[in-house]
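Here come two complexes built around subunit A, the first alongside subunit B, the second alongside subunit C.
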Partner chain A sequence: MTETTAPIGMVEYLLAFADDEHLMGQQHTEWIGVAPFLEEDLAFSSIGQDELGHAVQLYELVLELDGTEATDEAIDGLAYRRPAAHYRSSTLAEYVTTDWAEALVRHWLYDTVEELRWQLVVDSAHQPLADVAARARREESFHRRHADALLDPLLRSTDSRSRLLTALDSVGPHLPSLLDAPSGERGAVTIGAASAPLASVGPEVATAIETRFDRAVPEPWTTPATAGRTQRDPGFGALMARMLEVLDFDPDATW
Partner chain B sequence: MSAKPSELMITVLHAISTVDDPEYPGISIVDLGLLERCEIDDDAGTVEIGLIPTFAGCPALDVIRADVRSAVEAVAGVQELTVGWLRAPVWTTDRVSERARSALANDFTVAVQVGGEIPPCPRCGWPTEDKSLFGPSRCRSVARCHRCDETIEVLRS
Partner chain C sequence: MAVYEVFLKPEGKDGYRHAGAIDAADDELALVLAREAYARRAEGARLWVVDRRHIVEGDAEFVGPNADKPHRHHDGAAVAARRKIQREAAGPDEPAP
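Up next is the complex of A and B:
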């Protein structure tokens, strides 16, 4: 690395994105073997795999800015071993659900925002981030296509539509946390690492929800939270404990 | 690369081409378009290899890197070796060679999708129908042939 000092805020900005991708990827993989049908087993595991791949790349960028070699151990350290208060994930990615309708709606909503989020950094002045975004955007196009293909028929039938709308009411209130700016975001925008704050996609997300679900979006849903992503969802501890179960079983194991 | 590749370059490239994709024994990672860069300093014996992944989350990355490393390490004259995954460019299916395409079709019943259209059946050439966007691994979707009713895996990007 020629760069020795990380631009102020870039690390926090990238961590927020990486943490979301990591937790969302982990949560998707929970459906392997228990999704309603085989194609969904495969889809959720593949999508989860993509998000985990993005998370690894974003954690690598964090480590590079920090001047640390991006070894597997260093990446795992960021992904699993920080104190809960140091995570910058959104509660949308943190909260745990065992309801399939909620998982599907969350998948759609998260990927709708994620697509726009990559768009904000695809021309990043921080070239490594622009490179990661170029690949990620290509992969993301499959995610939305998948969610839409499943939601199309499900939203046409009365029973499944009402279940999905109930699910939307559970997932929607987490949207402000996803649009919440981590402390480094302003700095990232100032140096051109991102073209705009994530909150700027709020109106576009509201329109997407309205078009997709044919219902009005309560204003608070797209009003960004202001906690700077410092507060964890009550389910975070249990989620992290489950994620660490295998890793802690034999910390020195090589994979 | 200079007009005439050095002997070391030729041997190293050959060594890399002997590395098969773990998913497709018999098909070289070079034919799948994973090799992006190979820089060699002939005098110093330093070799720098840059690979690109099909998908960022591909679980085979470590295996492929280790395989490339051990294949090239064995080449006489190689003093210092770096093998890394590059962030750019993005891998696409147009990087897959003709040779790999026919091996994928004949040995694995895998069709390669380039662009938006679903490719024909690799067995009989008839049109196929998209069945599932996601298949047995991240880089493959599932289609079915209208004629032989065969389930087809489709490599796509």
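Up next is the complex of A and C:
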């Protein structure tokens, strides 16, 4: 370990963000080839790549705090090789769906929160995090615009609107897990690494959902969970196994 | 869905070039999808999308007859050819004194 001014909780705080980005990016890219039309295949996977890029940068910050060189192997170690209980991802990013309406609503909701999440750290006292946030925010505004561009026409049509509202009912209950604070969050706010806890964006997210879907938001959706992101969604194991399938096929391969 | 034609303009003085086409439900979706389909690897700095129905086309029958009017070309080929004939008719240049 090298000397660092950041408290150890900062690692947990960053891991929660990194794990969300990693799993969300992975799940978006899995739509390549099976999204409803070719152009969307490309766009959705490309957005997934952006999220994976954010995850890499956040894992690098974790390794930096840990005094470990950020090699590809070290980043893969954090991304793929921790015990399930050590992940700090939200069930919103973990749960698996094969329904396009759900994938699209989750994309919109996740990116709505993510945009606000970056805003909380754009003036971070932890300068490397502020630097990552500055770039990520530019990409996030596009991600939201992409989701809105799809939702605009789809919500105008009766059939697709009803499918999207059904999807919203499946995705919304995962919002508390996204707003749940990992154990390092309080410390991160104390030292000014973040301007506020993520749960503070709850009311703004509720308003955004109501405006977007023209529908009331049940209060439990914006009430943060209190598990400290220590519990995995039932789908986590299968998702991780799918990701490791190729890596484990030849563990010594050079990529 | 409508078909949109996609144009990209690189950084600098070069103009817009046709990049391809895309299916989209409206203008905004066309922009968003074209950005990822045609410009995700920084192929351009600016982007136009045009609903194909808004393009006014002159077809081959309309434009074609202009293909057969060499007198409208001013690349100097005809003049160069005439001067070559005159030079050859005049015989080899006299050696310099």
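Convention: the second predicted complex is superposed on the first by the 249 of 255 C-alpha atoms of A that agree within 3 Å, B and C clash if a C-alpha of one lies under 4 Å from a C-alpha of the other, contacts with A are read in each partner's own complex, and residues count from 1 in each chain.
The rule we apply is simple: contacts are C-beta pairs under 8 Å (C-beta built on N, C-alpha and C of every residue); 3 or more make two chains touch, one makes a residue touch a chain.
In this text, all values refer to a predicted model and were calculated from it rather than measured experimentally.
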Handout entry: Clash-or-fit label for the pair subunit B, subunit C on subunit A
Key = clash
Handout entry: Contacts of A:Asp214 with subunit B and subunit C, given as first, second, both or neither
Key = neither
Practice task
Considering only the touch criterion stated at the top, classify A:Arg145 as touching first (subunit B), second (subunit C), both, or neither.
Solution key: both
Exercise for the section: Count the residues of subunit A touched by subunit B and by subunit C, then name the partner with the higher count. Expected result: B
Exercise for the section: Check the residue A:Asp123 against both partner chains and state whether it touches subunit B (first), subunit C (second), both, or neither. Expected result: neither
Practice task
Figure out whether A:Phe37 sits in contact with subunit B (first) or subunit C (second), or with both, or with neither.
Solution key: second
Exercise for the section: Determine, under the contact definition given at the top, whether A:Pro153 touches first (subunit B), second (subunit C), both, or neither. Expected result: second
Handout entry: Touching partner for A:Ser46 - first (subunit B), second (subunit C), both, neither
Key = both
Problem - Partner chain(s) touched by A:Asp248 [first = subunit B, second = subunit C, both, neither] - result: neither
Exercise for the section: Once the structures are superposed on A, label A:Ala134 by its partner contacts, choosing first (subunit B), second (subunit C), both or neither. Expected result: first
Problem - subunit C collision site on subunit B, chosen from 5-13, 41-49 or 131-139, when both complexes are overlaid on chain A - result: 131-139
Practice task
Would you please give the residues of subunit A that touch subunit B in one complex and also touch subunit C in the other complex?
Solution key: 39, 42-43, 46-47, 142, 145-146, 149
Handout entry: subunit A residues within the subunit C interface of the complex
Key = 37-40, 42-43, 46-47, 142, 145-146, 149-150, 152-153
Completion exercise
The residues of subunit B that touch subunit A in their complex are 55-59, 87-88, 90, 132-138, 157
Exercise for the section: State the interface residues of subunit A toward subunit B in the complex, per the touch definition above. Expected result: 25, 39, 42-43, 45-47, 49-54, 56-57, 128, 131-132, 134-136, 138-139, 142, 145-146, 149
Handout entry: Sites on subunit C touched by subunit A in the complex
Key = 22-26, 28-29, 31-33, 35-37, 40
